[in-house]
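Each of the next two complexes has subunit A plus one more chain, namely subunit B in the first and subunit C in the second.
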Partner chain A sequence: MTRENVVRTINGLLTEEFEIEEKAISSDAHLKDDLGLESLDFVDIAVIVQKEFGLTLKGEEMTSIRTLGNLYDHIYTCIQKK
Partner chain B sequence: MNRVVITGTGIYSSIGKNLAEVKDSLMAGKSGVFLDMERKAYGYQSGLTGRVERPHLKGILDRRSRVCMPEHAEFAYMSTVEALREAKMDSEFLAGNEVGILFGNDSSTPPVIECVDIIRQRKDTTMVGSGSVFQSMNSSVTMNLSVIFQLKGVNFTISGACASGSHAIGMGYFLIRHGYQKTIICGGAQEVNLFCVGSFDALGAFSKRESEPEKASRPFDRTRDGLVPSGGAATVILEDLDSALKRGAPILGEVIGYGFSSDGIHISVPDVEGPMRAISMALKDAGLQPGKIDYINAHATSTQLGDQNEARAIDELFGKYKPVVSSTKSMTGHEMWMAGASEVVYSLLMMKDSFIAPNINFTEPDEFSSKLNITPVMLRKNIDIFLSNSFGFGGTNSCLIIKKFD
Partner chain C sequence: MNPTDYSITDLIPQRPPMVMIDTLVHAGEKSAGGRLYINAANIFCRDGKLQEAGMVEFVAQTAAAWTGYLQREAGKPVRLGYIGSIKNLVINSLPKADSEIVSEIVVDSELLGYTIITGKILQSVKVLMQCEMRIKVDSAQ
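For the complex of A and B:
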């Protein structure tokens, strides 16, 4: 899977499942401040990432993910390590 | 002590999704019962149930709110929006006043099943998601609605089996009467999904009259063969009289009596004495003689012994006066945790428009119901004061007396 695929999948989930407007989505968007996501939403993001990419996001890893770009990178790096 | 009045009501049930639809159904004697073949496929002894559609809340509530709500909280959201509108309470009022919430509820089945299924299958709790814990707790309705409506007052759920909704109104009445709160959103909610009454069906307590769903719920009738489960939600907003008058709120009725008791005998077999004590306590609380009750909205669910014992209790206390009796469960089915609240809403609709909803399917009385003044047809009659009975498993009994405001 390419990084582009990761970006497309995550963006699609954010707009469909989390009802975030497309115009708010960018690589440097802050998950909390710009996209309005809260700690409970990260629990659901972890479920979605597991279903879509077969990856388990651990709580301590999630704390270092601040922007959407961080999330794309983290998922892509994990996929490459698999 | 404060006088406690009702300033708003809302309903979402098998016989209508709002007050206007429900009033029409009550007047027409319309049944909300159908045969759910999906239940039969899962081995239910009876697939009969009330039909209640799940509301579409996408675009109305944000994702976070929706993710945390089981279906009965959605029903309760719908009935509460309607009640707040009727009570003329907007978001500004809710933000500026200490408004509480007390709902009756006693189960939330699918979130529990789904959570356990995931944990068993995946051996990983992180796959459960964020909404499950809030959906599965018994207090799901009050926790969700208190956040959605930004309430600042009392906030908890009352679990009293099939008397839950009635006890919620009774508790709200006490809190306002004794000055602890000025306004409380009371009510009851009941889930209707595929698995919610599977364990109840196991007892063989449901009607098997599957060939005639609309005739299956027949409280007090000699040929009754069990209850029909149903659900939805009902909201009854209680307010102290002074606040209601100051706001210029519509006053739909006054709660003047609440009585409660426990049979203390059996987990499922209903009693005569326990309900009689609750009714007597409500009458005493209201300062009324039995002859002052114009209408009794009976608990009668269409079970053999339950209806028989309630008929005996009513006859014992009201036999001389013969107030009109009907069980609206003949139309709605048994709305269980919600029933005590919904039946207050149904009775208030009757009081407002001077009619008594029929006890449909009451074609032939038995030895005990023959002593009561049960109406199988809609009656045009003024109601000044009504009694609403609610009884439940474990012998919990709750009785409310409500009076037209003057």
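For the complex of A and C:
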């Protein structure tokens, strides 16, 4: 699994599941302020991450994830540690 | 105790007329099933059929009863749960009043304080509805 795979999967989730326009998606995008994600959306992200990558995101880890880039990095780092 | 040994109101916080499950039929580590006889006077019935909201509530209360059962068996108080969201809801048909339906739930995962379940309602072998549900269980109690 490469970081590119992680980025592609997460971006696909954002466009298909949350109907976020592709042009709004960038590593710098703030998950709440720029992409408009709410607390329940993070649960959906956690579900997809578990299904796609076999990772269980924990609440305390999510609090430090502010941007899309943070999310890509966190998932990729967890995959590397598996 | 078996789940059927409990009165349903010992397992869920809802009270009539909002009780939408008669019996928790079985409860496993990650799954459960319930039964409901649809009384014509049920508040979710209209034109002689149980409406969509009633079916969703039946699934949610099956999950609530499952949690309540596990809590009771552990000697803990029953906790409140709230439907956070419903996804991939498919309703094939509405059951008639004066008939019985059963529910089946499977707990897919517990993430970020939410319990994610897949639920379905059947009548005989026919699947009437299915959905995914995110349920927030009150941890403060």
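The rule we apply is simple: the second predicted complex is superposed on the first by the 82 of 82 C-alpha atoms of A that agree within 3 Å, B and C clash if a C-alpha of one lies under 4 Å from a C-alpha of the other, contacts with A are read in each partner's own complex, and residues count from 1 in each chain.
We take it that contacts are C-beta pairs under 8 Å (C-beta built on N, C-alpha and C of every residue); 3 or more make two chains touch, one makes a residue touch a chain.
None of these values were measured; they are calculated from a predicted model.
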| item | value |
| --- | --- |
| Touching partner for A:L40 - first (subunit B), second (subunit C), both, neither | both |
| First, second, both or neither for A:I10, with subunit B first and subunit C second | neither |
| Subunit B versus subunit C as contact partner of A:M62, first or second or both or neither | second |
| Partner chain in contact with A:L31 - subunit B first, subunit C second, else both or neither | neither |
| Partner chain in contact with A:F18 - subunit B first, subunit C second, else both or neither | first |
| Which superposed partner A:Q50 touches (first subunit B, second subunit C, both, neither) | both |
| Partner chain(s) touched by A:L71 [first = subunit B, second = subunit C, both, neither] | neither |
| Residues of subunit A at both interfaces, subunit B in one complex, subunit C in the other | 40, 43-44, 46-47, 50, 56-57 |
| For the subunit A and subunit B complex, residues of the former touching the latter | 17-19, 38, 40-41, 43-44, 46-47, 50, 56-57 |
| Interface residues, subunit B side, partner subunit A - complex | 62-64, 67, 124, 126-131 |
| Partner subunit C, residues of subunit A touching it in the complex | 40, 42-44, 46-47, 50, 56-59, 62 |
| Subunit C residues touching subunit A - in the complex, by the definition given at the top | 84-85, 87, 108-109, 111-114, 116, 134 |
